[in-house]
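My questions all concern the structure below.
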């Protein structure tokens, strides 16, 4: 590889290097940053965001945008929590209630995407507007069902599933699979370390499946084509309208997954109105990961890296005792840098 | 036609390189006032590059440019415009959301003082002046307050041309003026070119439509691979000869047209 | 070529295009009928106050959207300006500067400071070719972080009392049949008189509408305004016509952040506090208002009048729902629906072609 090609290669994959750099820095400034516990923390808290960003990736690659994912996530979180709570209160087994909650949540999550997709594909409404409208509708509905308060009184089993790990390690003594070891003393319980959270496994599995779809299947290829040149795609016989609808359904489906997962992890159904702006962070992650808002570029892997950069920043800042507000400044700057750097480095030309 | 008249534009031995590629290789040509010159050549022959040098988008690596007898340095599009060289590119550079007279005055809007104090747009003046230039060129557009997006391709071409004329273009360079037009509109644009020529404007036309070029051009200049391979008076040549100059093949005896 | 409607009565076409105004009127009518006391001077003042923030943000946003861009940072630039103005006022007051001067300097300082985010946004978009969405989203984060740092996450209090008087005052105080005063209630009036008094035109609205009117004039009648439309319509054409596109883009983002800063200052005046999240709720409402008012996110269309109407539609909806005692969450749903409908309807209208003058 020539020198310019090497530079181009490094430049295009700067996110990985940056992530590595962040970890190195935080391991010095933060106490106990480089630990299994921190890793689990990062993985767990970034799982809902990971899902949100994954769905958004599909939409952004087609050159569109989905602003509704944050509130759809909240809406589904609230609804699934309500279903679980009410079924459990009616006397059904907690596992059944949870199952129904998940199913209802996921199925309902298809609707916003369907509406968004039809508005964009059939009615030529600009994606920003269509999803902004859905953002409002989802927000309103979520507030209506939650009245602004988190949905609580969920059965304990919810937390067990949401916060469960595949393996449990008591350093030096026990190692169990699927279940927490019984009969531990208090001291031992505090030292118990979970490895590989269920939630993360589910998230990664979904990411893997859809990442495969995006990079290896014909559908995925068509998505890139639509983003690159929608007219060319149409003329090549690609069913552009149908694919666009599918893409927005995927996005809201992932938002629904994210909402359900949130409910499981935190054992409450939440919908926050202002502070989170999760959709903007999802979009930021996708862009940091290499996608362009014009469409045609991006990948699930890149998006995942983008999410990790943001999560590591969050946890790292926290552990380093830096005020959380600096994080907003950091994210804003990194986002702009990401775009500028991507412009700077030319496409790799293969000889 | 030429005689002892001075050419309006003369380029001598222009060379333009991009990296290792020589796009224009020692090309010289002249254009006289009121003359229509067809600049022909296959893709990659150097036509676009040459006119970009003339209109200031590129700077020549070697060679000289003379305008109205004086040597000039054209370092930017604004330099060219100030000399009176206007280029009409294929995409016409019109703002679809603005109306006809706004486009004619784009960037050079006429202002008047409201209450003798605040500078505002003088719509009446711009509309009247635009009407004058359109009439002078024989262009019919029902209302100048219509937005460009409602006009046909030929009408848009006309507006773009009128804009150049209003601002006193002495040399008009047209890149593929009839490419996206239907037959009737092509005819109108070509008539416009003839009108302009009769009014003393010099015109360089780049076009792949040989038939159209033969209709309006007085002289044809053919480029191939960056070099000038031929120059003919239109009435002394025929499309076959031009094509073979463009492509570099031998002149085919049997197919000559009169 | 667009779908066209040729020749017929232009006034009919213009009427149709102005459907938003009719929608607004019908809102007024409907709420007046089914609500109680909707059609009253007092309620209209409420509407105007509710509209003020959105109006300011939307005014600045209008410029940006017409160029085909977007400014997502307005909500938190507003918060930043709010915090900055409050901080300046508190500091000056502590330095024994007279109230009026402290307030004036606080406002002026915040407004001037508010030009900076716009400068950065504009430079990023114009010079570094960063997509507006990204550039302003980045600024959103930076402004939020900065404002929280400045106020230490606690709303700033202890502002000069005159602030509240200005912020919650009205232009006209009318006691039917007896007195009409400006800026303050008439002297020496009885308790009964106070209740009978009609208050007109909240100060904050007056300040805002003046700024909006000035910039609306600039947009509609000046060369700069024309150039803004040109940039939105065809940026290459604008460039080739000699329009200083980069400079204008920077100016446009500075206008937007100026209006956001003004929104922050108005907030400070009204609520007598400096909060970083002052504009959080209104962030996207401004974009909604501009689009309902007829602008396209692709650029080239839109107007200040349209944005004002869009703002009033939203403000009136909110006030109307409160008046009817309806829960507020439905408002988000309705606004979302109106937004999408607005775009669909605008698409439905073809372009009008005149035949002869």
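Order of writing sets the chain letters: A, B and C. Residues in each chain are counted from 1.
Just so we're on the same page, a contact is a pair of C-beta atoms (placed from the backbone, for glycine too) under 8 Å apart; a residue touches a chain by one contact, two chains touch by 3 or more.
Quantities reported herein were computed from a predicted structural model and do not represent experimental measurements.
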{"item": "Highest C-beta pair count, chain pair", "value": "A-C"}
{"item": "Chain at the geometric heart of the assembly (C-alpha centres)", "value": "C"}
{"item": "Between chain C and chain B, distance of the C-alpha-averaged centres to the nearest whole Å", "value": "46"}
{"item": "Between chain A and chain B, centroid-to-centroid distance (C-alpha), Å", "value": "54"}
{"item": "Between chain C and chain A, distance of the C-alpha-averaged centres to the nearest whole Å", "value": "33"}
{"item": "Chain C residues counted as touching two or more neighbouring chains", "value": "none"}
{"item": "Interfacial residue positions of chain B with respect to chain C in the complex", "value": "77-78, 81, 91-98, 102-103, 106-109, 111, 114, 118-121, 142-147, 149-152"}
{"item": "List of chain C residues in touch with chain A within their complex", "value": "70, 72, 124, 128-131, 133-135, 137-142, 144-146, 148-149, 153, 277, 280-281, 284, 287-288, 291, 296-298, 327-337, 339-340, 343-344, 347"}
{"item": "Contact footprint of chain C on chain A as seen in their complex", "value": "65, 67, 119, 123-126, 128-130, 132-137, 139-141, 143-144, 273-275, 280, 283-284, 287, 293-294, 323, 325-333, 335-336, 339-340, 343"}
{"item": "Complex contact set, residues of chain C against chain B", "value": "1-2, 4, 221-223, 226-227, 229-230, 232-234, 236-238, 240-243, 300-301, 351-357"}
